[in-house]
Structure formats: structure tokens, C-alpha cells
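Next come two complexes built around chain A: one with chain B, the other with chain C.
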Partner chain A sequence: MALPLPPGLVPTEVAFLCEMEMVTIIPRQRLESISLLSGQIPTLRPPHRAQLPLWLALLLKKQRRANIVPPSWLHPASLSEIIHHEINIDPEGFSPPPPPVTRSDGRGMARPYGDSKPGDMVLSPPFLPSCAADAPSSYLPYHWLELSETLLAHASDDIHGAAEVRTLLRDLQEVRAAKMRGSTTQLEGGGGVVGLRGVGAMELAESRGFVLGVVEGVRKLGASAEATRREEEEARSEGGEESDEDMAFG
Partner chain B sequence: MSYYDLDVILTDSEKVPCKFELEVPDLGYLDNNPSQPLKAGTSVNLPLWLAELLALTHQSSTPFLTLSLPPALGDNVLNALKADPRAVPLRDQSQNFYGLGARMLDLFEEPELGVVLRRSFVVRAGEVALHGRKAGATGDAGSAEDFMRGLEEWEKKLYRQAHEGAKGHKEWMDGVKK
Partner chain C sequence: MDIDDILREVDPTFDSIPVETRDLQALTRAWIAERSAPELLDWPADGLFERINDRIKKQIEKVEEMTGDMDPKTNFALIVIQTELERFKFLVRSYLRARVAKIDKHTLHYLSTADLRLRLSSTELAYATRHQALLHHHYLSSFLSSFPASLQNLNDTSGNISMIDTPDVDTAVFIRLLRDVVVRGKGTDVDGAAAGQHGDIFILRWSDAKGLVESGSAELV
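What follows is the complex of A and B.
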């Protein structure tokens, strides 16, 4: 009762988790491999790209020891395509999340990333390269808002057309925030469920309290109607059973 | 819904109109008639918790009193809500408008009332979210003030939640440069 934080993650916690996302960098200096609890950091050799967690990439960037390669979905063309999708193609829902990461198995087939043997650990986004340079363009990954803001704040010189990207991101944010508010109107007719496929972590953290509040309110208002509906259904199914039995006896 | 939920307690003390079916001695003061017994057929406003118990308790098949819908959920209000949910200041009707509505839906078979209440709640919630997001960001509070003054308790809670979320987000966005 006295828990000071609301349920779910608050925006700062989401941003902290986002620092686990892998990004691609081009190192400027050699750096030996580092063993961390979260795994081995590869040896950095200057012209070769490497994938690092965001926090380490930002640290190296601040020390001018690396440049960050912006992910392909952060390109202005990709962003305007997503905005076009949000506004014109699917004005109701959110643009879909990226497809599951796959890689070739060498026999002309693709299989899920990090899922080679049955029984292996199934990996989810922080351990998948969802924000690295080889992430698919035109799809927003789960941590899109936090990651793009952080990159724009700390590595804007590495991003092509940073000013344009910034404007496009503002547009995208506004469009999606309006959809988020509108998503609760689906509950009006009754029985509707708020569809939140493709919504990012930061957007969820922002709207969680509100959406939960609306769902809870609709549930309370509909509780008695729901109870009568259940009773009717039960009565009907009992009636149905009886008629079945009658037929069996007949 | 908790035992200590203040809103539930306050909803319980909302007055509802009731009509006594039996003559009750020594209760005349409810009808400003202290020395007389309360006659059968008198209409009085009783708090919901008392009215509900008396209406559901039977004594030889006649309940003590019959309930009717409070004026806050009367036809006038419902028609106005059907026309445009955003234009009705619900707080003037009742501080716990939806709480009262939910309790009344438990007691009465009124499917239409349920539909209207749900629609108003959802439509107004969208508006509440918009104001919650804008609050503090821009200075034009003037147009929103009328609407905000008409919010009842559930909506105020929603407003606070929408605003908290937007605030946390904004704080992080401002702090990301550091």
C-alpha cells in the first residue's frame, strides 16, 4: 500500500535497461577484450566494426575512442517511411515491430537467432542486435525512443542529418501519442481490447498508468452486465446439456 | 476496491431517493416531523449503504422501502451524456458519479444506463489524457479549465496518472543530455 512507485517501470528505469541494447561502433583505438558479467566484450581493432552495449559505446564515444554507427532504422528515409505507414497505411494501429531476428543456417534456410539447439536459452531483445547497424530498417525496435534520444544527445555528429532525424522523431512521437490516447476508445463498444502491438518501452512507461486506469474503470462499470451475461450463458449451457441428454435418452 | 478506499466510502454515503413501504414509529425526524411516526409511502433521501440494506431486507415479502435512481443518473443527465459526454460537468451531478453508477448498475437492471456510462467514461478519458499531457507544458489553461472543473473522482485519478506518466517522460527527455 505504501509502495511509492507505480506498477511497472518508470521512464528512467526503461532508459537504464535500454543501455543494455547492442549498438555498432567503429573503434578509433585498440582495446583488449573485457570480460564482463553480461558477457565478453570483443577485442576492438580500429577499422573493424564491433557490437557493444550502449553504455560502453557511449563511454568510448565520450572519450573520443569510437564512433557510433547509427542503426539503419534511424535514417531519415526509414523514419519517413514509418511515419507514412503510421499516418496513411494504418491510421488505427501502430507500425509493426521488427520481425524476429533470423540468420542463415548455411543450407538455404533461416532459423531464429540464438536458438540453435532445442533446450538452448531463448534470447530476447537486450541480447539480440535489435539496435545494431544490421537491424532491419523501417521497423521500430522496442527501445526506439530512448535509444534515438540518447544517440541524438551524445552522438549527434555520427548521425546523418541529425536535425532532420530529430524533427521526424518528434512527428513520430506525436502521431503515436495521439494513437495511444485514441486506443482506449476501442473499449467503448464493450468487449474491445486495446491493441498495443509495436508500442515501444518508453511509450508504455508513459501511458501505463492511464491505460490501466481506463481499463479498470470500464471493468468496474461493466462488472454487473458481465455477471448477468455469465449467468445467462451458464443457464443456456445447462439448458443445452439437458436437451442433449433428452436426445440421448430419446 | 479496498476496505480503506476513501472513494468507495464516500460513494456509500451518497444520497438516493427511497420510498418507505411500511410505517415506522419514531423515525419521523427523517421527514422533519419528529413527534410523528414515519408514514408508509413517504419519500426520503437516505445514504446508499442504509438504503441498499433496507431495500434488500425482506419482512414478510415486503421490503422496507423501494429505491429509485438518484437524480444524478436521471433521464436529463443521461440524455445530455448521449448527446456529448464532454459537455457535461459530471462533478456537479455527483462527486463519485461513476462509482455511484456502478453501484446502481448492481442494484438495477438497466443495460442502457451501463452502455451510456461506459461510452461517456471512455470518451471523456481520451479528453482527460490530452489535458493531462498538456498540463504544465503550455500556458493556455483557460480553455481546459471548464472541462477540468467538471471531472469527478475517477477521472481526476486518471488525470493524475496521465500527468505523472507524461511528467516522468519529460523529465527523462530533459535529463538525457547530462
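What follows is the complex of A and C.
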């Protein structure tokens, strides 16, 4: 077997991805710049803050060479606000993802981060600065669960109100897990497209097998009905009735 | 600090994403896509792999040079460099293994048409051809040769049933949109469509998602 893993990222692979998230640190000692495959690590000069990938930040933290500045959405106030949103404002969907990171283009317009010319590469997590100290509060980024768990495990002394944060995260996780389970009712419908706006990476990885199993099951059960429906639609569009509607999907 | 650094600080229009980050993003995206998609995807055409392999090779040489140095400061830098090197190697390895697993599973399918063969890199193509030849030879010598000549083919398509196993392109996948776009998908009861915004996550069939992913409007997650 070349690869004994099921299709789709498994939780350990998601955790690996999360370690590429950029976090903010405050170095405790000077460290010369290192040139890495993913780019140059800036020279670290206390007390100037720097942004490093999580795996490096954890290494520095373990050796007591730096402190990690938790992202602002990991503050108890921000987490309570998100929980309030999840329970009271939008009891159906997940809380919205952070707004796309934009940069000023110098002419009073905002452009997506990293999108300098049309058709250029668009960055996505974990390469967006959504877990740095200045990330917008009250929005959960894609890797929220893995990142906060890792920070609580290895840098809990850097987190303001770590015990409270831990409790709030557990509440948040439960509320969202219930929504994830609830989303299966949408899957049963066989509507073709199911949106999960604001879902997190680990939440997807956890329920990937279940969700895909349901979708596959529904598809196989309805395969003959679907084939009949398509034949009918084809016949109708050939007959010239409602051709616009069917052509669009045909 | 060179002129690029200075430009980057004063001019917000200056492209601030270094080429290393772009390549890492491209590699990560390719890896996730290959791990999630039910069929083999195109081998990256722009020399991404050659670039990354080159850089890994140089970094290994650098590590070998630095190992001789006993200065504690270099020692720590060495740990960092080696940790990162392992992470890169894991990505590359996992990506290649995911591809080989798919090729192994549906070898004849990927060798059947010129279009499909184009998806393989030259080494993968050599591997698949050789592996299939060995396998066929083995079958032939162990049992196929005692069959009538008309039943010896491994890629028979007569009688409307193909012997060649193909990947199921209607398998559901998760995608994330990279720009605002309308997402259409076929369903069992009705065909659906949804107006998606940048960053939204959808579940739909790979056959419907493929166009979006290939045009760069979405990525697999």
C-alpha cells in the first residue's frame, strides 16, 4: 500500500497544517535571521514582536526563548461574544468566518491579501495572518480549534485567563458539534450543494467520514431516480419546453 | 535589508508575498487536493516540484556543512532548519504517495488514453507502465496462458462492460471558495445552486467541483 489513509485529510494532517499558521511572538533573546525553505526568518530582537509559523513559535517557547502572543479572538470576551452569536443570533449556521484580509492598494481601494494582479494566486489558511495577535476578534478562523488547543497545551501561561478560555472553548465546541450533526438533515435532501459557511478544519476532519458516508448513501439510493429525472429533463429540453432552465445544468 | 525590503515597507502596492511562500502555498494546496480528490489530478506543470526538490537538496547540503560547527548558536539554527526540512519532506512524500496509491488502484485507467497519461509525471508514467507490464506477465505465466486467447485481455470492453476500473468522479468532496462565485451541483432529487462568497465551504460532487477547482475559483479542503 502506497498510502494507507482514507481520502481527505485526517485529524493529524490537519494539525500539521495548523502548525504553519503564523502567530505573533515576543522574543526573550536575540536570534539571528535563519533562511528557511519557506522564506527568511527575521532577526529576533527583544522586545520587538515578530510573526513566525506556529511550529517554530512552539519550539522557541519550549526552550523559553520567546513568549507567544495569543490572537485577539482567543480572548475570553471575544469567545463569549462568539458563543452568544452561535446560540442566540444564528442558532442554525456557524458564526461567520473572518472577513477576507485586505490591504490598501495605495489609491484608497482595498484588495485581497496577496492578490496583486488579477488571476494571481489567492492565499488561503494556513497562510493568511488569521491567528496573529492583530487578527480581528470575534471571528473564528479556519484552524481555530487546533490552534487554541495547541496554545493551551504548550503556552497556557501566555494566555490571558487560560482556565476561562478552556471552559469557553469547550462550550463553543459543543454548540458547533451539535450544528455539525444537525447539518446532516440538509444532506438527506439530495439538493446537490450543501454550504457549511464558517466551519473549522478540525470539525470537518472529525465528521468527514460520516458526512461523506451519508452523501454517498443518499446518492446510491437515489441513483435510479436521478437517472430517470435526467432523462426526462433531457427529453423536455429537446422538446423545446423550459429549455433555459435545464440547459443551465445540462 | 535590500531595496526590496525598503520598497515593501513604503509601498503597499509592492507585492509582499515572497516566492517561497507562494511555492509552499502551491505545494500545500496540491497535497490537500491530491489527498481529497477521488481521481488523480494533473502533475503541476510550472516546475513547482523541480524547484522544491532543488531547494530541499540545497538545504540538506547546508545542514551537512553546518553540522561540523560546534557553536551553540549555529546548533540551534540547525535544529530549526532540520525541523523545517522534515516538514517539507513530509509534504512532498505524502503528496507523491497519495498519487502512487491512486495510480496503483486504477493503473489501466490512467494508461488508457493520452489525455489521462498526461496527468502523470514522467517517472510516474514509467512506474505505471513497468508495473502493469510485470503484473500482466505474472498473470500470463501463472494462469492467463491456459485461457482461450480471446479471454486473455485485461482491458476488455466488449459487451458494454469495461474491465478497466475507473475512479468514481461523483464522490462528494469539500471545497473552499477563493472568490465570490455561484456554485452549482447535481443532486439526486434536484440540481442545486448557491451564491457563494470568498471563504465559504461547500459539499458537492467532485464532477461538479472540478471546474471550479481547475479555474482557481475554489480549492479542496
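Heads up, the rule we're going with is that the second predicted complex is superposed on the first by the 224 of 250 C-alpha atoms of A that agree within 3 Å, B and C clash if a C-alpha of one lies under 4 Å from a C-alpha of the other, contacts with A are read in each partner's own complex, and residues count from 1 in each chain.
The criterion applied here is as follows: a residue touches a chain if its C-beta (ideal position, glycine included) is under 8 Å from a C-beta of that chain, and two chains touch if they have at least 3 such contacts.
Treat the numbers as computed from the prediction; the structure is a model and nothing was measured.
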Determine, for the superposed arrangement built on chain A, whether chain B and chain C clash or fit.
fit
Just checking: does A:E149 make contact with chain B only, chain C only, both, or neither of them? Give me first, second, both or neither.
first
First (chain B), second (chain C), both or neither touched by A:V199:
second
Using the touch definition from the top, say if A:A223 reaches chain B (first), chain C (second), both or neither.
both
Based on the superposed arrangement, let me know which partner A:A177 touches: chain B (first), chain C (second), both, or neither?
first
Which partner does A:R208 reach: the first (chain B), the second (chain C), both, or neither?
both
If you stack the two complexes on chain A, which partner ends up touching A:L59: first (chain B), second (chain C), both, or neither?
second
Of the two partner chains, chain B (first) and chain C (second), which one does A:L36 touch, if any: first, second, both, or neither?
second
For chain B relative to chain C post-fit, closest CA-CA distance rounded to the angstrom comes to 9
Taking the contacts chain A makes with chain B in one complex and with chain C in the other, which residues are shared?
187, 190, 208, 212, 218, 221-223, 225
As the complex stands, chain B meets chain A at residues 1, 98, 101-102, 105-106, 109, 111, 114-115, 117-119, 121-123, 125-126, 129-130, 132-133, 154, 157-158, 161-162, 164-166, 168-169, 171-173, 176-177
Interface with chain C, chain A side, in the complex: residues 1-3, 5, 7-9, 13, 16-17, 19-20, 31-32, 34, 36-41, 55-56, 59, 63, 97-98, 100, 103-106, 112, 114, 116, 119, 121-124, 126-127, 187, 189-199, 201, 204, 208, 211-212, 215-216, 218-219, 221-223, 225-226, 229, 248-249
Where on chain A does chain B make contact in their complex?
6, 10-12, 15, 149-150, 153, 177, 181-182, 184-185, 187-188, 190, 202, 205-210, 212-214, 217-218, 220-225, 228
Under the stated contact criterion, what part of chain C meets chain A in this complex?
11-13, 15-18, 20-22, 24-26, 28-29, 32, 35-38, 52, 55-56, 59, 73, 76-77, 79-81, 83-85, 87-88, 90, 94, 97-98, 100-101, 104, 170-174, 176, 178-179, 183-194, 196-205, 208, 216, 219, 221
